[in-house]
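Okay, so chain A shows up in both of these, paired with chain B first and chain C after.
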Partner chain A sequence: MERSWQRWLIRFAVFIVMAIICIPGLWIVMTAFRDNVEVMARPPVWIPERWTLDNFRAILGMSESQQGIPVARYFLNSVIISVTSTVLAVLIGMMGGYAFARYRFKGKNVAFLWLMLSRTVPGISLSLPVFMIWSRVGLIDTDFGVILVYLALNIPFTIWLIDGFFRQIPLSLSEAAQVDGCTRWQAFWKIEFPLAKSGIASAGIFAFLTSWNEFALASQLTRTTASKTLPVGLMDFTAQFTVDWTGMCAMAVIIIVPALILTFIVQKHLIAGLTFGGVKG
Partner chain B sequence: MRFFRSRLSPPILLLMPAFVIIALVVAVPLLFSLYTSFTGYRLVKPDSLWQWVGLRNYQRLLSDVDFWWAFGRTLVFLTVALNLELVLGLCIALLIDKLTAGQRVIRTIMMFPMMFSPILVGFQFKYIFNDNVGLVNNAIQSLGWSDVTIPWLVNPVTANLAILMAEVWMSTPIFAILLLAGLMAMPRDPIEAAKVDGCNPWQVFRHITLPYLMPFVYIAMAIRSLDVARAYDMVKIMTNGGPAGRTELLWTLIARTGYQDARMGMANAMSYASILLSVYFTVYFFRKLAAARRTMGGVA
Partner chain C sequence: MAEVRLEKLVKSYGNVGVVHGIDLTIAHNEFVVLVGPSGCGKSTTLRMIAGLEDITGGTISIGDRVVNDLPPRARNISMVFQNYALYPHMTVKENLGFSLKIAKQDEATIEKRVAEAAEILGLTPLLARTPGELSGGQRQRVAMGRAIVRHPDVFLFDEPLSNLDAKLRGQMRVEIKKLHQKVKTTIVYVTHDQVEAMTLADRIVIMKDGHIEQVGTPAEVFEQPKNTFVASFIGSPPMNLLDATVATEAGRKVARLTDGVTLALPAPAAEKVTDGQAITIGFRAEAFSPVGYGLYGDNEVATIERTVILPEPLGTETLLYTELGGKEVQGKMLNPRFVKPGEQLTFNLDLSRLHVFDKASGKSVLV
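This part shows the complex of A and B:
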């Protein structure tokens, strides 16, 4: 009897924890589909009485009543910037990870240390000099300027993760392939790459999430619709004293959905990527 | 081509792109900002970039009360947040480990906050703690506990607590997920043996489970320490340092000094303090991680 009593207590505690994790997000989603009047209603309306897409229409500029914020344009910028910087970061991360995992060279540990240290610089601290230099060389408010910065943010972590995965693969495998007549290049694509796939996938996801969600640097390096990303665009809704709650919630949903879908597709690799890449390295 | 091949070894070539980009985006700008921190550079007066003032910015910083408040608050904030995240994450991981079913679903749910942009988390809690339309006040009033609208984000104490809560909400699941992975990978034999030898559950936890989990704790901390400054995003959208600078963290102060007051020289001096702080946290946890790996002898 005592056993089942304990089990229910544990289930209840887990339920509370899950509720705390889920409720804030659900509240945002519900507000996104809510009528604007309901937000201010007294007494509060918990579950929307009428689910509506008006808020999405409004922020996408499809309704007459409200001037739209160029969300579609921000979305496009975000996609271009995140995808480009992720693909490049993974490629460069594979090269770097392979170098760290498979070669001995002078200054290896020092190089690795500096790589990681470069990642720790707070975004806002880095933004000051980058802002000054970028505005002199004309990279402010360009996709390329932001992509370059995100590449530098993502490379250290991708190298760290991918390095950990390459190291788990026994060297003898690729050596055997080379004895059988493969070049080192062929051996990499036939042996090491397929085996480290899940690590590379998780590195890619982390790089994508970092770029997709970054705010501190983007908010200073972008100015107009030419390069503004979604997180920066979210600030468009906060006027001095008023906040467009439903609009912001709709935009929040637009920001979170792609990240959500992508993460669920590869979630299996994510945990493995974090733990094994880190511990065994 | 042949010349390059003979001179540069493969690892150097492979690492070249990474280091070129990091040099361009991080190293060179940081050298530039180090220089700027010795000038009285103001954004509105481009000529002042060449106005060398020596250590004046740093001297002023040392006697700047606002700076020390922000610095102290940042330090306290990080210490409290990281410890809280670790303890809560450990509790959640232990709870979920005890579950007999549904672990996978729950682990998936816990990934939810990881995908959120920090600015989104900030917005979410700004909305929840809003005095007029927020979920918390709505709930309190509906339950009849109180009729007053509590201005959570206007009161300095509750505003700081709200920011702390946002931070903990966002990062605790990462700790829980990583520690749960550690618990699941843990061999059961030593625990059984200890139980046979008469250890109580606390002793088992203290002397077997916890030491085994330590590498996982340090991985979580190391990953987390790479990105401590993201609290900037949350504070920026939730209170923007207000009321009256009571939630100002080092990072928001840097942004305010640099961009709003346009005192770039001063802001760069401050940002060096923030960089040292971040480097300290990272080096500390990476060292712990390396030490833990060595004592585990590659078991974990």
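This part shows the complex of A and C:
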């Protein structure tokens, strides 16, 4: 029974890895629902003895003990910035991806290489130059300034991903549609787009999560409630000598939940991929 | 009326010419097969008719319209692709009805025409399935169904059977032939398989390197090949081609093979050659049979003793590989008996079925 022995070993390894990934997240969620005394307790209290929503009340300004933090405003900023940059990145990614997958043009390979090379530059290394330029042109502390930076981060990735999905769709499908009476434009929307939908959805969710969770650049480029996003808002919980761990974790939960819900909705597309039955495989 | 006319049609990619000015007229309701080896330009020609490739030069007309600059959708054609190109995200029914929906036909018409096409091709029980749930032959039929629902002027087939296994290919060949009888339309069909060409075509167009080598009915290209390329491309096994020199013996023109064997040339060809001319003679395996096992009848024959190098039994006949004129040739034994390798047999070569080509040009001396 060497087989089952191996299987158990693999399961154990998977368990360890998953624990390393999941426990900090779980800890954040648990911390969000306990009171400060338990958080500071020595030895630590593993399972909260009393679950409470006080932390959420506090940061939403519904309790008298603490001053509220403009969570709603941060949330709105986050939504505006993430949704706009995602929609634009996906649209541009679709156009670029389709062009790279379907057309031959001069400098195509070089252009693609540069796009990919731009991914090798750590975004944070650009924060100082971006900050200086943005402050000159007055984009500091604006939604638009952050959206622009996120677009630059996401577009190479969405183009690359969507290009791959369009490449998998045989050219003959679009040709068949054109013979069947479609214009090139109709052939795209009726045939190629529905078939690449899963790829486009994947690109969208990746772009959204990048924008939704990004902290380093946003923390440089935003100043006030005019443009501060949720992750940057987390810093509001650190004071000179203390950190409000429970409030911070409560807000982290507020950040995680929408991303989680969205991922679950799109999940089907992320793993499905299409079965290309239309042509001989 | 949907006559397809190609005039001085040229296609090149940059400096590389693919099709070099071909002329061809395809009559209304005619089934024409373009056949040739890979890279001969047959698929490119078809795609130019479809409007999927730009034309470098010349004109294409369908009916009485020049379609050079019309997009595919405006040409009233339909096309069956080699990989079927069914839309994977639609059911069979949606696949069949797609072109009608694009043309904004009303629901009832679509329903009726789809049902009609499904009936002709036996697809009625499969209408609710998606292409992924169909077998190769079924997909092939859906692809054809999608082509016929539109009642197009011209059907284009681009190697439609090459993805199927041998047995299914035979079946689908018959279905395509039947389809043409039911749905009278002009058909242009591209294949590299000369058997498909022979069985399906009203007329065969044999192409090589972007030129048309010969156009004719299957019988014509088989019986009267215009050059050595057509002779060796059409027919299976390929025609035996041997180098020879013309000489006169006992007042008759003969071909002297490199190993000294002489063969009297048939009357029409004999008048077109001169002594000393280098020629290539050709004969098919069925013209070269062991005595008593062939169809030479009362024709004049040359009787030749040969050793069988390899017999290849096929059931109703046996192919015999032997040697003549310094080259390996194939003979055919009808209603065969068992033959051992190395066996000595007396062959009759039917001289009336000799083809004579000029060696330098490769052209038949009769044209």
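Here is the rule we go by: the second predicted complex is superposed on the first by the 250 of 281 C-alpha atoms of A that agree within 3 Å, B and C clash if a C-alpha of one lies under 4 Å from a C-alpha of the other, contacts with A are read in each partner's own complex, and residues count from 1 in each chain.
By our rule, a contact is a pair of C-beta atoms (placed from the backbone, for glycine too) under 8 Å apart; a residue touches a chain by one contact, two chains touch by 3 or more.
The structure displayed is predicted, hence computed values, not measured ones.
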For this session: Using the touch definition from the top, say if A:194 reaches chain B (first), chain C (second), both or neither.
Result: second
Exercise. Who does A:13 touch here: chain B (first), chain C (second), both, or neither?
Worked result: first
Exercise. After superposition on the shared chain, which partner residues are touched by A:147: those of chain B (first), chain C (second), both, or neither?
Worked result: neither
Exercise. So, A:179: does it touch chain B (first), chain C (second), both, or neither?
Worked result: second
Exercise. Which partner does A:60 reach: the first (chain B), the second (chain C), both, or neither?
Worked result: neither
Problem set entry | Contact breadth on chain A, by residue count: chain C or chain B | B
Exercise. Does chain B (first) or chain C (second) touch A:250, or do both, or does neither?
Worked result: neither
For this session: Would you sort A:71 into first (chain B), second (chain C), both or neither based on which partner it touches?
Result: neither
For this session: Under the contact definition given at the top, report the residues of chain A touching chain B in one complex and chain C in the other.
Result: 274-275, 278-280
For this session: Over in the complex, which chain A residues touch chain C? Could you list them?
Result: 170, 172-173, 175-183, 186, 190-191, 194-195, 274-280
Seminar exercise, completed: So, in the complex, the side of chain A touching chain B is made of residues 7, 10-11, 13-14, 17-18, 20-25, 27-28, 31, 39-40, 43-44, 92-93, 95-96, 98-100, 103, 105, 108, 111, 115-126, 128-130, 132-133, 148-149, 151-152, 155-157, 159, 209, 212-216, 220, 231, 234-235, 238, 243, 245, 248-249, 252, 255-256, 259-260, 263-264, 267, 270-271, 274-275, 278-280
Exercise. Okay, in this complex, where on chain C does chain A touch?
Worked result: 50-52, 71-73, 77-79, 81-89, 98-99, 102-103, 130-134, 136, 139, 146, 150, 163
Seminar exercise, completed: chain B contacts chain A in the complex at 9-12, 14-15, 17-19, 21-22, 24-30, 32-33, 36, 92, 95-96, 98-100, 106-120, 123-128, 130, 132-133, 135, 138, 141-142, 169, 173, 177-178, 181-182, 185, 215-216, 219, 222-223, 225-226, 228-230, 232-233, 236-237, 251, 254-255, 258-259, 264, 267-268, 271-272, 274-275, 278-279, 281-283, 286, 289, 293, 298, 300
